[in-house]
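Each of the next two complexes has chain A plus one more chain, namely chain B in the first and chain C in the second.
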Partner chain A sequence: MNDVLSIYLTTSLLLIILGFYCISSKRNMVKTIIGIEIITSAINLNFITLGFSKNGVDYFAQSITIISISIAACIAAVALSLILNAYRHYGSIDLRKLRRLRW
Partner chain B sequence: MNDMILHLVLIFLLILFALLSIELKDLTKAILSFSIFSIFLAIIFYILGAPYVAVFQLAIYAGAVTVLFLAVMHTIKRRRIE
Partner chain C sequence: MMILQPIIVLLGAAAIIPLIDLLGKKIGFEKIRDIVAIAAFLIAFIILYSFFGNLPQSFTIDPYGPPLGVELRVDNLSLYMAIIFCGLGLLVSIYSIKYMEVDSGLDKYYSLLLILVAGMIGVAFSNDFFNLYVFWEMMCVASYTLVSFRKYKWEPVEAGFKYLVMSTIGSLISLYGISLLYGLVGSLNFTKLHSAIETIYGNGSAPLSLLYLVICMIIVGFGVTAAMVPLHTWLPDAHPAAPSSISAMLSGVVIKTGVYAMFRSLFTIFHPKIFDFGTILMLFGVLTITIANFMALMQKDIKRLLAYSSIVNIGYILVGGGIGAYVLTHYGLKEASIAGIAIIGSLLHILNHAISKGLLFLCSGCFTHEAKTRAISKLEGIGKKMPLSGLSLSIGLFNLAGIPPLSGFWSKLFIILASLSIPENNFMLAISIIVILNSIFAASYYLWLTQRIMLKKPTEIVEKVHEAPLSMVFPIIVLAILCILITIKLDLFIKIVELASNNLLGGV
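What follows is the complex of A and B.
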C-alpha cells in the first residue's frame, strides 16, 4: 500500500515539473493554458493520493478536490477569454508579440 | 502484483499523454491529448477510492474545458484564414 502511494506522489511531482516546463518554454498561449491545467490536475492527484489510506478514504480531501476542479474550469474560461482579447488586439497568439504593451 | 501492473500502466499512459499534449505542434491533437489525459486521471481517481471526484473530472475537464479550448482554437484558426 505504501509503495503505491509513493509512486503516485512521484507521478504528481513529475506532472508539476512538466507543467512548469510547458509554461516556461512554449510560446503559444494555448499551450501555456494547457500547462496551467496540467499543474492543477497534478495537485488534485496529490490531494487524492494523500487522502487515500488502508483504513479508508478522507472525504474532506475529496470535497476540496471537487472545489479545485471547478475553480480550474473558471480559470481556463477567463484565460481563454484573455487569449481571444489579445488575439483581437495583436493579431497573433505568440507570447513574444505581447512585449510591446501599449494602449 | 497484478494490481501494481495496472497502476504502472495507468501512470505510464498518464505521463505519455501529458507529454503529447505539451509537445505536439498541431493544436487540435494537443487539445485532444489533454482530454485523454484527463480521462486517464479520472480512472486513477476512481481506483484511489474517489468516484465523485472522477465524475467531476470527466464532466468538467474532459467535457467543458476541452470544448472551451476547441471553441477558442476554432475562432483563432478561422480568423487566421480570412
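What follows is the complex of A and C.
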C-alpha cells in the first residue's frame, strides 16, 4: 500500500512544481490563475492520500478537500473579475502590461 | 455557542446588508445600511467584551470535536486579538459613512468589511488548522475585493491582482505544510498536534528535517500576509490603492492576523524548547526592519511611506516573538521570564501599532479626501488647516516613533530589554544593536513627516482645505485618545498582555 501512497504523494509534488512553473513563466493572467488552481488540486490530492489508511478513508480529509475546492472557486471568481477589469483598462491580459506600480 | 455569537452577528449583518440597502433606497434613507453595519460591529464588540472573566471557553461539533476534529477556543490571547480587530472595524465603519460617500456599491463594501472582521475573529478563535484555514481564506477573499474596490482606476486592479496571487500562493504553501502535519499526526487540532509532535520527536518516527520543513512552510505561508521581507512586495502597492479606511484595516489588523497565526501555530504545536524557530523569526525580523526602513525613507507618497512603516513594525513584532522562542530554546525555563518580557513587548506592540497605524491611515484619508493628493510635498502644512487631524497624526507618529512616555516606547523597550538581558550571547547583542539603530532611524523619518505636515508653510493646494467632517474626525480622535490612555494606564494594559502572553507560552 505504501508504494501506491508514495505514487500519489509524488504526483502531488510534481503537480505543485508544475503549478509554480506555470505561475512564474507564463505572462497570461488566466494562466497564472490556472497555475494556482493546479497547486490547490495538488494539495487536495495530498490531503486525500494522507487520509487513506488500512482502516479505510478518513472523512475529515475529504471534508477539508471539499471546503478547499469551494474556497479555490471563490478565489478564482475574484481573480477572474480582476482580470476582466484589467482587460478593460489595458485591452490585454498580458501581465507585462501591468507594470505601472512603482517600487 | 457563545463563542460563535460575534461571528454570527457579523456574518448575519453582512448577509442582510444588501437587503437593507434595497429597503433604504425604497424609503429614501440609504444610510440605514451604514447604521446596521456599525450596530453589528458594536454588538460584536460588546459580546467580545463580555467574554472577559469567563475564559477559556471552547466550542465543538459532536462527534467531530477534538482530538480529531474541529474546535473553536477563546483564551486571553484570542480575545485580546479579537477585541483589537473588532474595535478597529467599528471605528473604520463609522469613518466610512462620510469617507465612502462618493463611491457606489456601498452595500457590498459594508458586507465585505463585516466578512473581513468575522474572518479575522474566526482566525483568532480557531484551535485547529481546518477552522483556521477556512476563516483565513474568508478574510483574504474579502481583503482582495476591498483592495480593488475602486476598480474603475488602474491602480486598485493591479494592486489587487498582485495581492491575490501572492497571498494565495502563501496560503497554499502553509496549507501544504498543514497537509504534511495531518499526514504525520492524523489530526489538525492544535492540542492534539502539540502532544503528538513531542511524541514523534521523542521516538524519532519522523525525520527532524521534515518537521523543520513544515515550520518553514508555516512561517513563509503566513509571512506573506504578515508582509515579512522578502514577501512584503504586495503591501506597499495594496495600501495606497485601497480606500484609506481599508488601508487602516489592512495595516492595522490584517497583517497582524498573519503574525498571530504564525505565532499561535508555532508556539502551540512546535515546542520552542525542542525546535529552534526563534532564530529564523529574529533573522526575518531584523531583515524586515532594516530593508523597510530604507524603503520608507525614499517614499514621496504619504500612504506608501505609512505602508513601509507597517512593514518595519511587523519586523519589531517578529523580533519580539523570535527572542521569546530563542531564549526558551537555548536557555530553557530558567530564563522563561526573559522570554515572557519579549512576548509581552511583541503583543503590546501589536496593540500600539494597530491603534497608531489605524489612526495614521485614517488621518491620511482625511488629508486625501480634502486635498485630493497623496504627495507629501503637496500636503505640507496641512496640519495648520486641519488641526484636529494634524494633531492626531502627530500623536500617532510620536507613538510609533517611540517617543517616551508614549506606549510605543515601552513596547519597543520591552523587546530591546529582553534581547539585552543575556549579554554573553553575541547573536542577541547584534540583534538588539540592529533594532536600536533602526528605531532611531525610523524615529527620524516619523519626525520629518510630522514637521512637514504640521510646521511647514501651507502649499497652494492646502490653502483651500478645511477640517474633515465630524464623522471622519471622531474615530481619529478616539484612536488618538486611546494612544494616550494606554500610556496613562500602561500597568493595566501590561497585565492584560501578560495574560495573553501566558497563553502563547502555555505549552512551555
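Some notes on this structure:
In the analysis below, the second predicted complex is superposed on the first by the 100 of 103 C-alpha atoms of A that agree within 3 Å, B and C clash if a C-alpha of one lies under 4 Å from a C-alpha of the other, contacts with A are read in each partner's own complex, and residues count from 1 in each chain.
Please note the rule applied: a contact is a pair of C-beta atoms (placed from the backbone, for glycine too) under 8 Å apart; a residue touches a chain by one contact, two chains touch by 3 or more.
It should be emphasised that the depicted structure is a prediction, and the values quoted were computed from it without experimental measurement.
Contact with both chain B and chain C is seen for A:Ile83 once the two complexes are overlaid on the shared chain.
By the touch criterion defined above, A:Gln62 reaches chain B but does not reach chain C. Of the two partner chains, chain B is the only one touched by A:Tyr21; chain C is not.
When the shared chain is aligned, chain C comes close enough to touch A:Leu50, but chain B does not. By the touch criterion defined above, A:Ala73 reaches chain B but does not reach chain C.
Shared-chain residue A:Thr32: touches chain C; no touch with chain B.
Shared contact residues of chain A, touching chain B in one structure and chain C in the other: 51, 83.
Residues 3-4, 7-8, 11, 14-15, 18, 21-22, 26, 28, 30-31, 33-35, 37-38, 41, 44-45, 48-49, 51-52, 56-57, 62, 65-66, 69-70, 72-73, 76-77, 80, 83-84, 87, 93 of chain A are the ones touching chain B in the complex. For chain A in complex with chain C, the residues that touch the partner chain are 16, 23, 29, 32, 36, 39-40, 43, 46-47, 50-51, 58, 60-61, 63-64, 67-68, 71, 74-75, 78-79, 82-83, 85-86, 89-90, 98, 100-101, 103. Note for the complex: chain B touches chain A at residues 3-4, 7-8, 11, 14-15, 18-19, 21-22, 27, 30-31, 34, 37-38, 41, 44-45, 48-50, 52-53, 56-57, 60-61, 64-65, 68-69, 72-73, 75-76, 79.
Contact residues of chain C toward chain A in the complex are 64, 68-69, 130, 133-134, 137, 140-141, 144-145, 148, 151, 154-155, 157-162, 164-165, 168-169, 172, 175-176, 179-180, 182-183, 186-188, 236-237, 295.
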